[in-house]
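Lettered A, B, C and D in written order, each chain numbered from 1.
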């Protein structure tokens, strides 16, 4: 039984998910692809799914009777409209992060899905599918380190391009931590503060880099995340969780140890795409299996909403330099864990 | 385009490969299963591939027109007959290790396949599909540590059962090293010596455990492998390659670092099935993709023959205590790398 | 040529330094010991330096003509008076931290020493003598990680006793970081903020533990120090320095790796005295060598003053919850580096 | 109470021990130095011990009434004569390894000392004073890994000079392992085998390098030592001890972890003198303390004899390619542990 999927948005990530569904995931098939640039959609189809249709619009794709589930990988600003359209058709939809660029649109999706009474949306946060974070959460949930008190984290990129803005260090970079820590700790944020250390001279003139974001959760856990997107040396994701009984630390990806030229060393990845490549595979497989089983396991619309609200406050805190409160709407009972 | 596969042998590994083909591998399907115990075959089919036929024999399964490729996971002593039968039908066959229990049978398969002039057989050595060994080989091939001079390795199991014999420490345990080092070094063995250190009191009375196997290759590389199958503490695979410029060491699987109770620690696996689980997935996917592309990449019949011959000599060296020469038949040009 | 030393204060640390001077340090001798409890002084003398005199007071000890240098290990509140007395006699003095319990007294010592125009005082901050911190500083000073931007640190104790107060988490615990980071970075603090994460249930009722102290330096470097004095698992000192080109991390003390019971592990110390035991030895030897050479190298009175002022502000920040500015007196030119 | 020491042999190691006794060790003093080259002896004296006498010969130095203990650091071939002379005078003597270049001379020393009935000789094997080996032994002795079954070791130097011979890879290099493993395991050797892996092209033409020495002990423990003296990358000493319950591994010296240029790395020493520098200090202090207490703790004459006999057999095994038995004289009861 093969799940028939339509893809909206044939950019880099859309192409990658198309390849993934056709060549890696078991039991899935891309039957339709579209894009604002139809030629591009055709090109990706020809490369990985030559039998796929190329409808004129996302709406047309969603309406195709053979399309059983939708993957939204279009430009962020259009995510909400396609997700809402899929909900209207009662179809499963995997939406790449962010669920919406405005918290207000996330709220609309949450309310629509809750009203529908069926969970159809999965948001594309892949870190909870990473074997390292899973092992970490398993250990925490087993009580190995006791009640969690603090998280020390870092998100470092070798460098970013001209189009990267200070705001994106939250909405594109930190947002992964905002999601994964809510999941890992089963907790919510109540405040955020941002401080800017000495600026690296390696950043482009418009950037303030690095920065440290300090979050407080409902349970009182303190999280500090260093975001450093021009760290030069590699893509490095750190996470140490400190509990009442001990500390648990996210593993570095396994790497060959080399002893050479007076150094004992292991390689650090430089391309972020390599770091979570297995997590993307597991995430899509889980979505496909979840649709077939009628039960999704990944990030919900509510998770998408929470990440969005927290990100908005972090951006505000970047500007104000103050401790800013984070307030969420009441969680619809539908999303109770 | 889904590859239609028949499975001969529905024991633990046969069931696992059936599950893998149906739920993990992309583009494959189990259409037939058989076993000496037909009820067992039906049971596995019902669990993972309810539409699969259950023919009366391996030969009948191989003959089914819809079966495009065969997986042989029956008892070792029957491998050769099924592989040869598949070759007779010109069908692709994935044969779990060993290719045959007698070197003579391996030789027959090699000669049959070479005569056929088409590579149809892949032997189920999964270590070359492990990401750690792959990274190690990549680094060696890139000249990072210069010409290889030595390999220090260990193969440790927490414990083995009553049925495990001294001979099996070669044919079931060491055989993985015998295969993976030939692949990693692109070299062949010329002699073997076995020494027995002080015996662990944790082994059953009939076992001599641990042992150290010393191999010499054509290039003069010296390999020592500690085989210790009642080491108590876990399943631990070590491999350090020493070259003219440095040393490269197989990574331990990534694991969460925990600081607790006056210890900094990482978990070591205890179940060998977990250690190479990803390698099994990659191996089967590669076989499926290879069949579709008409080009297999995994271990060849020749590799199966070489492992078999080397294993026979190691068993002889266990008994004699002497340095025993390892002699292979001439490699058919068909298998030139 | 043996340096003749007098010790004021025969408590645990006084006894330890007496033993150290008599049995570990080369070229030193304890010729006098005193204490508010003279019997205790006699006891320590008998144990390690039977020929030592036991004068009636610290002042009397300082005045002894044969005493060439003084070690002050009395109760903190009396440090300043003995240091000033030693300065009056123009004698070298090694004063355990703190230099004084009041910043005002530190200032007096600084001004007295500066007026004297000779450096006679060394404050007992031992971390700059630890081989790990030394290697870290050497690497930073060599430009290996570029300009320093951030420091992430932790100071963890397994547990503290009933007499330990929230204030002591600054004056007894954090003070080591306050000193060692000034030295390591050759920089000064300009502000401090303290946040209290979720409280561990393992702390005694009067304690808020853990806490995170955030410091800013003149150069804009941001330092966060987790102080967690009931972490249960051990005495663990962490320090990661992030620069424009990379990160450098303080090593854990070398420890045997053990693979046992499904774990790969290394021991973590539980007793803080073991962690810096070598540093204490090097520190005292350096003081003795420094006195002989007429040139001390360890922490100066000025360093003692700065640590004291910074500690006072951190205590204030614990109470206020605000970002508090740290202001120092002008540094006498005498202390220019 | 300062121990008065005379040094015979003012080469590099003699100079180093002179400096050590004068500047590092507590409670020792060099009062006499001599050398075949008296000018050289004077030079070293002037540098570190200006008040020291420079007698005309080793014998004259030993006879000086003020000399309480002797350090022998002359050319290896002369060690035995000075040790025997010291024994004749009933004086303590610290003799750098080897105790003698001929096993026969070692035997003579053993018999002389045993006849004397007082332990006066300590042989300069410093590894048992290394904190890593000590931690390893402590753990083994505590039964943490159960009965020892195997040791896997390596002794690697970046490179050796023209004068270094194949034989020296045993007598100068391996000899440290020969001593330290006897001590660590409280066991004796019964056989040795040497194999020569593929030769590194980085060795000088006269050298066969690397080599693997396989030792068997009385208890049946198997030890393999890779000796690789042109490994290019550094001075690297490895030792993994495998027991019935687990494995314990000698730590690398603590080193700063650096993340830079896509690598996580730690420095490896290149100069062997740095690797055991602390062990040399502890060793000499222990000798000095031992003399004062009338009880030496370091390697005995018997240990020196055993290392010498084992080394002789290893050299024979290099030449023969066979498994060679190692036979010792009966241990005089005097040396019972």
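Throughout what follows, a contact is a pair of C-beta atoms (placed from the backbone, for glycine too) under 8 Å apart; a residue touches a chain by one contact, two chains touch by 3 or more.
The structure presented is a predicted model; accordingly, all values stated were derived computationally and were not measured.
Enquirer: Along the graph of touching chains, what's the shortest path length in steps from chain A to chain C?
Expert: Tracing touching chains, the least step count from chain A to chain C comes to 1.
Enquirer: Relative to chain D, which chain's C-alpha centre is the most remote?
Expert: Most distant chain from chain D: A.
Enquirer: Could you please state the distance in Å, as a whole number, between where the Cα atoms of chain B are centred and where those of chain C are centred?
Expert: About 58 Å, centre to centre.
Enquirer: So the centre of each chain is just the mean of its C-alpha atoms; given that, what is the distance between chain C and chain D in Å?
Expert: 38
Enquirer: How many angstrom lie between the CA centroids of chain B and chain D, rounded to a whole number?
Expert: Distance between chain centres, rounded to whole Å: 45 Å.
Enquirer: Pull out every residue in chain D that's touching 2 or more other chains.
Expert: Only 232-233, 245-247, 252, 255, 259-261, 266 qualify.
Enquirer: Of all residues in chain C, which touch chain B in the complex?
Expert: Those in contact with chain B are residues 158, 232-234, 236, 252, 255, 259-270.
Enquirer: Which chain C residues qualify as touching chain D in the complex?
Expert: Touch list, chain C to chain D: 22-27, 131-132, 135-136, 139, 144-145, 245-261, 266, 285.
Enquirer: Report the residues of chain D in contact with chain B in the complex, numbered from low to high.
Expert: Residue list for chain D touching chain B: 146-150, 152, 195, 197-202, 210, 212, 214, 216, 219-222, 224, 226, 228, 231-233, 242, 244-247.
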